[in-house]
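In what comes next, chain A is part of two complexes: it sits with chain B in the first one and with chain C in the second one.
What follows is the complex of A and B.
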């Protein structure tokens, strides 16, 4: 039971990092990305590559993963952010599809469809961390650090610029904001921090393959943000916890026919999502009524 | 970079020459040449669709000119982008305000004077100087009590004043104001005129689009009359307002 709970807390922490970093661009800059799982994956593969071929120290794997995520995000951000919002969604979807192909085919780095096995445990200052009881502290610490970074950014002049761009791009530009540059920087930061989740994930499971980094994961992360509350700090964490706990909670309901549990889960998801968007469009943590009056 | 009171000397800040802009077959701005002189209020008048807002958009780079040239402080700014125009000291407001609606009143003003793009920490001095500008703009526009209110929750007149406060907090030399007083009640627009006169006295140069003739007469040092993209007059207020041909166009359109 304890192992089961620890596993849940670790996964919730990792997905909270993903949801919070997506929320950073979605909720504060109004940039909707369907490629967040790509940066999760790039972080996992790059971190693993460094751990297996260079050194398993977190001080090696983490920076390598973050730089890889940041550089890759530039490929998406530079062309896609010069145009309006809808194009970014389309471009990110394109990157997601492309990345899955690369993850499956670039066998020397990603291990192909079979993935990579025997990933060494992450090493923090000479200490191998692989027991869930220890690893949980590592992921929680990573989550806290990511949250602090995002919090500082959101409340800085950079964060105000992001929100100004979200509310009115033309007015932000009219007040001297270099909109494409600011958006690009925000995507790079988001991708680099999402890569942190990848490193945690890979070294925790000691096995990764492309299945974890597909479009469904990107959609799941976006659902966590929206359900929890876009543009709030606690929302993505609540969303991540809820969507990861829901399957286990449903499986505890004995009266449900266990053979149909998958379908029932989908129905509950769909229904919950629809009801939430009708009654609480701002998400669980978001403002109760998201009035559209006065939106410019 | 406040200019001393230059009223009377009337140096040319901006030189607009033979500017054209067509949308499809329609000439929105048709061979317009005019000067914006320092330290005065130039009012753009003319019927709806005369090209007044388009001219603003061409100046700030929101739209690109088909031909013609614009000089700012003697330097050509023909390929300028809106954010560069702002950094060069040319600021504009929008007819539809375009406030940062989810942000508080204070944040709206503060972010308007934070033009840096990089996520770098500000120094204490910077922060204090900016806060001072914000306080100035909020107190002048009477929004100090509403500083924590979200922009979208403000009353109409307050929203108009917030749009002004964002500009007032900056150190821009030229303000392009797109119908800033439209829809204001008499009390509010008196306050608006007082603010504007005071700012011009401090050295700001203003180009304003306005329909209300009382306001036009009350504030203009110079009037430029546009109709169907063409500049029909650019002169002293009395000369323009007393021209029967212009009066016919102006009032004919409105009747």
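What follows is the complex of A and C.
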């Protein structure tokens, strides 16, 4: 039971990092990305590569992963600067599809479809952390640091510029804001922090393959943000916890077919997304009938 | 000879892409609803036909069931999801998320009923015969190209000459003016959904016989439809049609140079180039913003 709870807390923290970083570009900059799992994956693969070939120290793998995520996010920033809304959804969907192909084909780095096994435990200042009881503190610490960074950014002038861009890009530009630069920085920050979640995930499971970084994951992360509440700070965490608790809740309900837990989970959050948009577009945490995101 | 073979396969794929994409483009162009569940319409039509086929009801009843299912899904979604959302605010994002959620539900329900693996609609029409030396063509290739041509012919006449077709184009241009003229925008939207959903049916059925079906292919359908709509230019049915053909041809001809798992990457590369260099698309009028 204790191991089960620890596992759940670790996964919820990792997904909370992902959801919060996606919310940073979605809720505050109005960039609706269906490619967030790409940066999760890039972080996991880059961190693993560093850990297996250079050094398992967190002070090596984490920066490597963050830099890799940040550099690759420029590919996402490029279309985000030119277009928004439906165009960007299409571009990010394409990027996600392309990334899955690369993850499964670039065998020397990603291990192909089989993935990478035997990832060394993360090493913090000479101490190998692999027991769930210790690892949970590491992921919680990572989550808190990520949340603090995002919180500082959102409440700085940078965050105000972001919201201004979300609500009206031309107005922000007219006020002398450097719109392309601000958008690029927000995407880079979001991707670099999402890569942190990738490093945690890889060293926790000590095994990764492309299955964890597919479109389904991007959709799940987006659902967490939306169901929790776009543009709020607590929303993504509530969403992540809720959606990850869902499979275990379903398994308590005996009348549901247990082999279809994954499908039932997806049906529930799919319906949840549709119903929330009709009755409460702000999400669970968001204000009722108020569009905190998505003003064109 | 390989190039010719791939060109014909590409035209076949392109014709099916064009049918699906024009359905989406017509709905999006006239109603401005980002109908992401269009991929789900495809799945519903394809699996209904598959179900009728394996239960032995024959071709005709299969087509009727698939068409009825597609239309019903489109109309119900419009009535019970899009209309209520648009009554309040109807931003692009809220509509997209709701539509996306419904798409997830459909994918999983179909997956629970029919399984997650690939299924194929069996028909002798998909067996290739050697037409020329080294050139293999299945009857389905001609059927898909002719089918697409016929549907587009009818659609063109409909949009050009019929009263409802003109109203659809008017709605795309200026919804306020349509209201001032005493036409009912909601009724016109429902028509757009009906036509857009019908256009998916032939593509869904033929794809089921040529490349097979699986419940998760809605995302692929959506990527193609979005790519064709954007590359063709939002609001331009002809542009979408051309773009669908181009994407099909490009995917197929790319096989001369790369392995088959990279075909989606080709679609993405074309889409990306257009977004970066020409966001208004081949025949589009307005810019992206």
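Keep in mind that, in the parts below, the second predicted complex is superposed on the first by the 273 of 296 C-alpha atoms of A that agree within 3 Å, B and C clash if a C-alpha of one lies under 4 Å from a C-alpha of the other, contacts with A are read in each partner's own complex, and residues count from 1 in each chain.
Methods note: contacts are C-beta pairs under 8 Å (C-beta built on N, C-alpha and C of every residue); 3 or more make two chains touch, one makes a residue touch a chain.
Only a predicted model underlies this, so the values are computations on that prediction, with no experimental measurement involved.
*Asks:* Name the contact category of A:273: first (chain B only), second (chain C only), both, or neither.
*Replies:* Only chain C is touched by A:273; chain B is not.
*Asks:* See if chain A has more residues touched by chain B or by chain C, and give me that chain.
*Replies:* C
*Asks:* With both complexes superposed on chain A, which partner does A:97 reach: first (chain B), second (chain C), both or neither?
*Replies:* Only chain C; A:97 stays clear of chain B.
*Asks:* Between chain B and chain C, whom does A:174 touch in the aligned arrangement: first, second, both, or neither?
*Replies:* first
*Asks:* After the superposition on A, what does A:120 contact: first (chain B), second (chain C), both or neither?
*Replies:* neither
*Asks:* According to the stated criteria, A:112 is in contact with first (chain B), second (chain C), both, or neither; which is it?
*Replies:* neither
*Asks:* Of the partners chain B and chain C, which touch A:79 in the superposed model: first, second, both, neither?
*Replies:* Once the two structures are laid over each other on A, A:79 reaches chain C alone.
*Asks:* Would you check which partner chain A:153 touches, where first means chain B only, second means chain C only, and both and neither mean what they say?
*Replies:* First partner only.
*Asks:* If you stack the two complexes on chain A, which partner ends up touching A:132: first (chain B), second (chain C), both, or neither?
*Replies:* Neither: A:132 stays clear of chain B and chain C.
*Asks:* Where on chain A do the contacts from chain B and from chain C line up?
*Replies:* Overlap of chain B and chain C footprints on chain A: residues 291, 293-296.
*Asks:* Write out the stretch or stretches of chain C touching chain A in their complex.
*Replies:* Interface residues on chain C, with respect to chain A: 28, 34, 81, 84-85, 88-89, 91-105, 107-109, 111-112, 219-220, 222-223, 226-227, 230, 234, 261-262, 264-265, 267-268, 271-272, 275-276, 279, 288-289.
*Asks:* What part of chain A is in contact with chain C in the complex they form?
*Replies:* Contact set of chain A toward chain C: 32, 78-79, 82-87, 89-91, 93-95, 97-98, 101, 104-105, 169, 215, 219, 223, 226, 260, 263-264, 266-267, 269-274, 276-278, 281, 289, 291, 293-296.
*Asks:* Across the complex, what residues on chain B touch chain A?
*Replies:* My answer: residues 60, 62, 81-83, 85-87, 91-92, 94, 96-103, 107-108, 110-122, 151-153, 159, 166, 170.
*Asks:* For a test of understanding, state which residues of chain A touch chain B in their complex under the given definition.
*Replies:* Chain A residues touching chain B: 153, 156-158, 160-161, 163-164, 166-168, 170-179, 181-182, 185, 189, 231, 291, 293-296.
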